[in-house]
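Here is the structure we will look at.
Naming follows writing order (A, B, C, D, E and F), and every chain is counted from residue 1.
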Amino acid sequence: MTTRTLARHGGLFFEEFAIGDEVESVGRTITETDIVNFAALSGDWNLIHSDAEYSKSQMFGQRVAHGLLVLSIASGLAVRLGFMEETVMAFRGLEWRFTKPVFIGDTVRLRVKVQEKKEMARLGGGLVTFEMAVVNQRDEVCQRGAWDLLCKARGAD
Amino acid sequence: MTTRTLARHGGLFFEEFAIGDEVESVGRTITETDIVNFAALSGDWNLIHSDAEYSKSQMFGQRVAHGLLVLSIASGLAVRLGFMEETVMAFRGLEWRFTKPVFIGDTVRLRVKVQEKKEMARLGGGLVTFEMAVVNQRDEVCQRGAWDLLCKARGAD
Amino acid sequence: MTTRTLARHGGLFFEEFAIGDEVESVGRTITETDIVNFAALSGDWNLIHSDAEYSKSQMFGQRVAHGLLVLSIASGLAVRLGFMEETVMAFRGLEWRFTKPVFIGDTVRLRVKVQEKKEMARLGGGLVTFEMAVVNQRDEVCQRGAWDLLCKARGAD
Amino acid sequence: MTTRTLARHGGLFFEEFAIGDEVESVGRTITETDIVNFAALSGDWNLIHSDAEYSKSQMFGQRVAHGLLVLSIASGLAVRLGFMEETVMAFRGLEWRFTKPVFIGDTVRLRVKVQEKKEMARLGGGLVTFEMAVVNQRDEVCQRGAWDLLCKARGAD
Amino acid sequence: MTTRTLARHGGLFFEEFAIGDEVESVGRTITETDIVNFAALSGDWNLIHSDAEYSKSQMFGQRVAHGLLVLSIASGLAVRLGFMEETVMAFRGLEWRFTKPVFIGDTVRLRVKVQEKKEMARLGGGLVTFEMAVVNQRDEVCQRGAWDLLCKARGAD
Amino acid sequence: MTTRTLARHGGLFFEEFAIGDEVESVGRTITETDIVNFAALSGDWNLIHSDAEYSKSQMFGQRVAHGLLVLSIASGLAVRLGFMEETVMAFRGLEWRFTKPVFIGDTVRLRVKVQEKKEMARLGGGLVTFEMAVVNQRDEVCQRGAWDLLCKARGAD
């Protein structure tokens, strides 16, 4: 049995990601505050996010979290998993579907799975593609897709 | 000559989007405040965004704006263009590349072009795919890709 | 019939404002978050905005939005109408009455009407005075008054 | 000589305001953060506040603080003076001139003078009109005007 | 009888603090917004503050305000009392116990008592130790302890 | 050699903390934004944090970060280390010294060391006392002291 210590585990290097490896993040409750603060920061005050009266008459009957707010929070949940720390050099791209609305009071988690790897020696590492899914408290997938992260090779720093 | 008035022009309906039509948004300067506030809101405190000392020794030599911060701000710039107002029902998905870093003090604009349309009568409108590009003050493309928005058909409200 | 496109309509020049022309903005719901964030930003922590216990025993029986918060949000709603974009040079002054309280959960809109114009050639434009009113979801006027904006003349940029 | 203690002095009642009495607040430095946060909260992203490139070519050659941001901060400086605590029932109105721009890094103070009083027994107090001026670190008046506050009479609570 | 004026009373000098003197601050309601904003600013997203689902199954059955959020708000309540203005040079240390949880919707006040003084002439003043307690709307002590503030001597500025 | 995976390591249980074990967090740069946002959230607008003109003439010649801001950020850095996740039940108290000022642009890290343990079976775990120190980019200790955290025993959840 391994003795566990305070030691940070540190991010994984390109070589360490194993295809098929998966993990689920902790949760975070999406609050009205998050929606107001994201509308503020982004400038996206579309009425389905910011006008409770208008939203009553629309498709969902209530205000909806911005898709990009939930994606941004998912990115934070990913970072908190620790595997990116000091080893991810850049976010290179994503393909993403917003499949179900997230409402005030929902709690989301991120499911992460290593899907593909592609060495990019010239850049000192390689591209790791993750299959990502945001699920809510009823385990319904609300957003899903693939993220490409450029990760350092060991010793390439 | 048309007389221009205070009147809001309102969002465009699905039928009104013409393939190839394009427009460029106004600009917004990315500040240290935006980066700190986005790290806070998302929970993504990766060191390349939040540790100035560490960032000196990394690829870019300085702190970099989060890719998703710039994308979020781009979504706000799009909303400010007005064509989505009350006619966009949902953001359905995106394909996106982060091609160049955005630094503190850079000013970004969004270039929008109607790329494709697909009727979805059952949902009361259709999917409009936009070719989007975020450019900086030197007209360099920093992010680019396609966004799918579900837009209302005229009278389908 | 005019073909509508993505094109931004751009702000109106001084010559284009027609006395009597009017428009109403979209709405925005005033949230507890807005009140807390405005208390924070302004430093106005008066108890009728920030102490729910104290507020129970006061005139309105609950916390009230800061008058200047609602005015500030009204200014944002005005900007979102688009007619100021790149043509308003400065906010010169206002006369303003706070006539009814705005509570958490109320949704406000701004009514705008061109009241008066005064050429100021030396400054490259003129002063446009707007009759403004903030109304809530029951169409009650909560705030009203006049704003003076200095607007560019065409070609004076 | 009076012994000074920790005791809060509490707000002044209507009867206690003496016409001509004046005071100056402490200062607060207007930061880029304040401008970004106020643009966010209000939704006023006009380019003279948020686009550093655009602002170079405009009247002031740089970004300018929103007039209403400075007014809001002035209201907070007024509250910090203490004379409103639990005795001001409502802000009733203002007449206000924005006379000089406030830039990032300027430090503002508020000058307060009791100008006029009007009993309003039915409302349990009276209206106090204050002559207010916002000055910068060079003692230049940047904003000025009159605020009407409804103040409690002693024992009318 | 003393005539009360607008005049700021200003902070107390080291000589003016009397051992045993006490005061209670006004109140502030702790909102969900405060908790989200503090999690954001501090980076402390522990689940008992940010995951409503998880918190249901924990000791308190609901989300809890961060201890340091309440302490930070207590420091603001202390500042609003006015006795520190321009006379406190530095916060030197504290001993603090978090004795009861603070929940969303609770309203807290700070009780302040001068406990001890220690001249530090070399630093131009002295250390004042305050016995502090945060109480909620049911007068239960939620946090308590001692704060050491370095205060200016009269004329030492 | 252990194979490292995406797996979260999870917080440590009371039994797992070894006296003397130590770790250092990653860094975070303290920005003007942090100071403005903390003044806003806490309500502590003391002039040494918020008035750049005044601060020039004071002990440090410039604005200083609030001691409690740095402590709050330190708590976030501790949380990011991962050892508290789902195993820390409550923050019970601290003894803390603010020994050196932190300025805008400084980058701080937290040094953590397990100092003492005390079983509290009735509460389902025990108290772990940590020796904590906040250091800046020159490795100077700016704040230091002891934190008491109530940690779950294994299987006591």
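We adopt the following convention: a contact is a pair of C-beta atoms (placed from the backbone, for glycine too) under 8 Å apart; a residue touches a chain by one contact, two chains touch by 3 or more.
Since we're looking at a predicted model, the values are computed, not measured.
By the document's definition of touch, common neighbours of chain E and chain F comprise A, B, C, D. Shared contact partners of chain C and chain E comprise A, B, D, F. Looking at A-F and B-D, the interface holding more C-beta pairs in contact is that of A-F. Each chain's centre was taken as the mean of its CA atoms, and the one lying most distant from chain C is F.
Centres computed as Cα averages put chain D at a distance of 26 Å from chain E. Taking each chain's centre as the mean of its C-alpha atoms, chain A lies 36 Å from chain C. Spacing of chain A relative to chain B, judged by their CA centroids, is 18 angstrom.
The set of chain A residues touching two or more other chains comprises 26, 28, 32-34, 37, 40-41, 43, 45, 47, 54, 76, 80, 85-86. Here chain B touches chain F in the complex through residues 32-33, 36-37, 40, 45, 47, 50-54, 63, going by the rule given at the top. Within the complex, the chain C residues that touch chain D are 28, 34, 37-38, 41-48, 54, 58-59, 66-69, 71-73, 75-80, 84-86, 88-98, 101, 145.
Those residues of chain A lying in contact with chain E across their complex are 26-29, 31-34, 37, 76, 80, 105, 107, 137. Considering their complex, residues 40-41, 43, 45 of chain D touch chain A.
Considering their complex, residues 2-9, 12, 16-18, 21-23, 25-26, 80-83, 85-86, 112, 114 of chain A touch chain F.
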